[in-house]
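Here come two complexes built around chain A, the first alongside chain B, the second alongside chain C.
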Partner chain A sequence: MLADLGFAALLIAFFASIYAAVVAFWGSRRSDERLVESARNALVVIFPLMLLASAALITLLLQSDFSVAYVYEVSSTEMPTYLKVTALWGGQAGGLLFWNLILAAFTAAAMLRKWHDERELMPYALIVASFTQIFFLGLVTFYENPFARADFVALEGQGLNPLLRHPGMIIHPPMLYLGFTGFTVPYTFAMAALIAGKLDIGWIRTTRRWTLVAWLFLSLGLILGGRWAYDVLGWGGYWAWDPVENASLMPWLAGTAFLHSVMIQEKRNMFKVWTIVLVILTYLLVIYGTFIVRSGVISSVHAFAQSEVGQPFFIFLALMTLFSVYWVLRRRDELGSQNHLQSLTSREAAFLLNNFVFMGILFATFWGTNYPILSELVVGERVTVGPPFYNQVNGPLFLVLLLLMGVAPLTMWYRTSLQRLGRAILGPAAAALAFVVALFALGIDNWAALVGMWVVAFSFVLTLLEFWKGTRARVKRGEGPWQAFSRLMARSRRRYGGYWIHLGVLIMAFGIIGSYFFQQETQIRLNRGESVTLGAYEMAFNGIRQYAGADDLLIREANLALYRDGEFLRELGPRTELYTRTGQPMTIPGVRSSIADDFYVIMVNWETVTNDAATFRLYVNPLINWVWLGGLIFIFGTLIAAWPEAAEAKATTATRTRRRTVVQPV
Partner chain B sequence: MTDTSWTRDADTLLEPRTNRLKFVVGGILIAAALVFLIVNGMSGNTQLYKTVDEYYAEQSRLAGRDLRVAGMVLGESIKFTQIDATHSRLEFEIVDDLENPGQRLRVVAMNEPLPDLLQHEAQALVEGRMGDDGAFHANEGGLFLKCPTRYEEAKPPAAAASGGASHPAKGSTQ
Partner chain C sequence: MNQRNEKLTIVLLLLLALLCLAIPAVAQEPVTDDEVNEVARDLYCPTCENRSVDVCPTDVCADWREDIRQQLAAGRSESEIHAYFAERYGNSVLAAPPREGINWLAWIVPIVVVVVGALLFGRYLKGLRAEEATEDDDTIDVAQSTAPVPPPAADEDDYISRVEKEVREGE
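Right, the complex of A and B next:
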């Protein structure tokens, strides 16, 4: 009954999205506002329908109704309630439903909010938005129906995979989905602007905050995914250049380039084609990323099953590419700009270089990810490219980006005098050099790491100086230091939010360089009472405890004592949790975190009878917590940049009120 | 498409020819650097990707080469042996299709933890090369696992075939 209701909601929503596309098209042809409005209502109503379908599925999950195949696959009676709810996105079909829910929410919010501001764009925005919605609703209704009945009777479900029972994994998919679907809004309005031929700054203004919000969620998704891998997967790392990871990185790269390119279009009315191409690229990469993950087309460490959704995805991707390219070409004359780059040392040129480097990283990542497919097409053999490829190619490119991060804010629009630039960077360059020399004196002699550290320190100092200069200027005008600093943030949120983001990225880079170049690991078997040394740490093994946990868990936990330089630090308890019903084990590391490094240990194997010997794998990951700290600052900066500025908010309200008064019949 | 916005109408007063040349040269240099990085990064970092049966069909050509082989794990073949304090040996066999097994490939991974996902029906990706002992020796950190994902056909008695979501296995480097 509930399953039928849920499916009915999907079906109605699917037809509503088709109705919206057709009627919006018709309305735009006949310039009939009522038709356009009807189309909008159809598109907006999809959101409550998706809420209904999701509520139906969640209820089925809570009721453990195993007559529904999806519930059987991802749930079981003894799972705690919060896991039953989050099992909504624990598998393919439910994940797609959840995706549709978020897409519908974004679409409805965008269509309701921007109705008055961009009236000419609306019919086209409705058409483009319905394309995306039709496709994803079609998938979940006809290919991956989460309400499909099981063709067998089961008293107990299989339960959510233990690896997914982690807070990071519960939040990570919704964040990525929010980021992915969020980028459909700028795309929708960019295409609408193209079709309407209204290529001024309007569509960018309309979608600026949507873009930042989408980008925020995508960044959060990437960071949380890394954290989950680090906490749960037990290999001491957080990023492996796996195709599925790359699938979410690629739209992020294009989206980040877009965010930068937009600034030049706003300030100098340049790079119009480029900006629009970037937003299209971001959208297509979102679809492509979803395609990679869901179709299993590139055999990945963690691809979904080889499923039936591959073909429709491919067709949709091809259609949207053709559609986008057609409109860009058709409007190419209107996309030209009146202004030109004048100097290699201008801020415009710095932004352009930034965009090129982002595209370089994107291209290399795309190349590596798709190489198995390309090579099979060309030479008939699948050839894969390993993580060293990405590190060797993208490492230097990211370093150029970090360098630009420091230098670009010093450049001026139009042109910058080299002398002035040189003076501004001399001090920070020397300070960074002193830092690197100090590192060298401490015994770090890996030149690649030292170069990386120099760049990070250099740009970090330059970014801090930006805050300093801005605050000092205000202090001179008579403000108190704290007041000056906080007003600086409040008055130009985008600019200083951006600098906070840069600081976050630089701090992450510091952690990444440290943990990538200087990770230490070893694997050893210890008898009770024995100990092992790794780096400055000594770890003693004091036996294994065995006990029953919640649900059907059987837990074996090692008792370890950790010392550093002979001093006792704390006890660690890496453990293995065995889900006895399914036989699925799960290894949980013991970690001691500090600002300098993580000591990370997993129990590999143990003497089952006597419990007095076990094998451990140990890692020391230097500076890794800087990655997470930088991530937090990054998110903080994005929030500052996306927060509506007080003045701007007032202005918008004022315009609205004014407009309304004008429109009102007298 | 990237350069249309700034090269069009290049002969305006604001943008002398030499200036445009600078940007073209700069662009070419960046592209060249990218190509160099990619070509350089590819060398030594690529592997042929084979199924078990493909491997045996081309055995003579592939002998001793660094490869990536994919297959499904036979649960009863998994064996973890602790040789001495610092050496362990993980062994298992993979086939292309459990219902219709062709050739079996024996995989050996030294000093590799026993991954949580290494179970019957799991899909394994192994990077390594064939040893003289007839077993396929995984590189360090060269063992990757996917959990059984053919949940669409899963029937109640089937082993822990869970819901098709995605999981890397441990065993990766970096």
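Right, the complex of A and C next:
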């Protein structure tokens, strides 16, 4: 009954999205306001319908109604309530429903909020938005129906994959979905602007904050995904360059390039085509990323052929590409802005270079992700493209990006003299060199790591100086230092939010370089009472405890004592958890974190474990906590940049009316 | 005398034989897990996606590790063992495509694209500048009448001066 209700909601929503597309098209043709409004209402009503469908599925999950195949696949009676709820996105069909829910929410919010601002774009925005919605609703209604009945009657479900029971994995997919679907909004308005031929700055203003919010969620998704891998997958790392990770990194790369190129267009009204191309690219990569994750195309071309959703995805991707390219070409002349540079050392040239490097990384990642498919199709040989490829190809490109991150803010619009640039760079370059020499003196002699550290330190100092310069200018005018600092950020959020983001990235890079180049590891079998040394750490094994946990868990926990330089630090209890009914094992590491490094140990569960002997895998991950710290600063910066400027907007309007002088935001 | 010599020869031969037995015994030091993992790290078994053999919990990968251990004990090198697995199970077991034959493409294409792209990009930027220069010469009169905002003086830090102006005017 509930399942029927849920499916009915899906079906109605699907037809509503088709109705919206048709009527919006008709309405735009006849310039009929009533039709356009009707199309909008149809698109907006999809959101409550998706809420209804999601509520139905959650209720089914809570009731453990195993007559519904999806409920049987992802839940079991003894799962705690919060996991039953989050099982909504624990599998393919439910994940797609959840995706639709978020897409509908974004679409409805954008349509309602921007209705009066961008009236002329709206009919076209409605058409483009409904294309996306039609596709994803069609997918969940006809290909991956979460309300489909099971062919058999089961008393107990299979339960959620234990790897997905981690808090990081519960938050990570919604973050990615929010990021992915969020990027459909700028695409929708960019395409609407193209079709309407209204190519001024309007659509960018309209979607600026949407883009930042989408980007924020995508970044959060990436960081949380890394944290989840580190905590749960038990291989001591956080990023493996696997296709699923790349699928979410690629839209992020394109979106980041877009956030930068937008500034040239706003400030100089140049490179309009390029900015639009980047929005389109981001959107297509979002669809492509979902396609990779959902269709299994990467693991094998054969999996793709068997996957039900593979072909529709491929067709939709092709159609949207053609649609986008057609409109860009058609509006090429109107988009043509007078692009000219006065100097190669200008802010606009720096942004272009930034975009070039982002595109380089994007291409290399795309190539590496797709090479296995290409190889299988053309040569008939399967290959793996793993971390060695990406580290060697992308590593240097990322370094160029970090360097640019430091230097670009020094450049000015139009032109900057080399002398001036040189003067500004000299001090920080020397400071960074001193830092690297100090590292060398401490015994670090890996030249690649030293080069990386130099770049990080150099750009870090330059970014700090930006804060210093702005604050000092205000202090000179009689403000207190703290007031000057906070007003500086309040007055130009995007600029200083951006610098915070840069600081976050540089701190993450510091951690990544440290943990990539200087990770130590060892694996050893220990008897009770024996100990092992790794780096400055010594670990003693004092036996194993076995007990039953919640659900159907069988837990084996080791009792370890950790010493550093002979001094006792703490006890660690890495454990293996076995879900006895399904036989799925989990490995939970024991970790001792400090600002210098992590001591990370797992009990190797594929070797025999007795009460007196077990095999352990130990890692020392230097500087790894800087990755998470940098991530937090990164998110903080994005929040500053994206925070609604309600108070400030009012203040600016007040100033404007009072004085008729407008201070241009940078 | 002959007899003594013979005896000595026998003793020496025995010693030599013992020595020969002893050499492999010395080499037969057990292979450590770390040595196995070092080799396994860059291998991916065909059944487990995206998990290298050194951290993969499946039985297949356990067998592979045992296989690696025996080959290491037999004195084979890391690259020999990698080649052995690649030959038996195909190149997909290697962490990255081998740099040979058609698979050079995997490595070369991104580098070529980035380098050629950089060259084209540089030319494009220069082109943008040249265009600007000629335009300046040709349209100097028109520019004076139509150009709304002349570019600011080159060496002025526009942002800092803006901040200063803003503060001066009060908020």
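The rule is simple: the second predicted complex is superposed on the first by the 629 of 666 C-alpha atoms of A that agree within 3 Å, B and C clash if a C-alpha of one lies under 4 Å from a C-alpha of the other, contacts with A are read in each partner's own complex, and residues count from 1 in each chain.
The criterion applied here is as follows: a residue touches a chain if its C-beta (ideal position, glycine included) is under 8 Å from a C-beta of that chain, and two chains touch if they have at least 3 such contacts.
Given the structure is predicted, the values throughout are model-derived calculations rather than measurements.
Contacts of A:F356 after superposition: both chain B and chain C are touched. Look at A:V379: by the touch rule set out above, it reaches chain C but stays clear of chain B. Of the two partner chains, chain C is the only one touched by A:L488; chain B is not. Among chain B and chain C, the chain that touches a larger number of residues in chain A is B. Of the two partner chains placed by superposition, only chain C is touched by A:R415; chain B is not. Contacts of A:W367 after superposition: both chain B and chain C are touched. In the superposition on chain A, A:K469 contacts chain C only, with no contact to chain B. In the superposed model, A:A550 makes contact with neither chain B nor chain C.
Judged by the touch definition given at the top, the superposed model places A:E479 against chain C, while chain B stays out of reach.
When the shared chain is aligned, chain B comes close enough to touch A:V273, but chain C does not. Judged by the document's definition of touching, chain A residues 234-235, 240, 242, 244, 299, 340-344, 349, 352-353, 356, 359-360, 363-364, 367, 371-372, 381-389, 393, 397, 522-525, 585, 587, 605, 615, 617 lie at the interface with chain B and also at the interface with chain C. If you check the complex, the residues on chain C that touch chain A are 32-34, 37, 42, 44, 49-52, 55, 57-59, 61-62, 90-97, 102-103, 105-107, 109-111, 113-114, 117-118, 121, 125-126, 128-129, 131-132, 135, 151-152, 154-160, 162-164, 166-169, 171.
Residues 234-235, 240, 242-244, 299, 339-344, 349, 352-353, 356, 359-360, 363-364, 367-368, 371-372, 375, 379, 381-389, 393, 397, 412-417, 420, 469-470, 473-474, 476-479, 487-488, 491, 495, 521-525, 585, 587, 605-606, 615, 617, 651, 661, 663, 666 of chain A are the ones that touch chain C when the two sit in their complex.
Across the complex, chain A meets chain B through its residues 70, 73-74, 87, 90-92, 95, 152, 154, 158-164, 229, 233-235, 237, 239-240, 242, 244, 270-274, 277, 293, 296, 299-307, 328, 332, 335-337, 340-344, 349, 352-353, 356-357, 359-360, 363-364, 367, 371-372, 381-393, 396-397, 516, 522-526, 582-587, 602, 604-605, 615, 617. Residues 1-2, 4-6, 8-10, 12, 14-15, 19, 22-23, 26-27, 30, 34, 37-38, 40-42, 44-50, 68, 70, 80, 82, 84-86, 88, 111, 113-114, 116-117, 119, 125, 127, 141, 144-147, 149-152, 154-156, 159-174 of chain B touch chain A in their complex.
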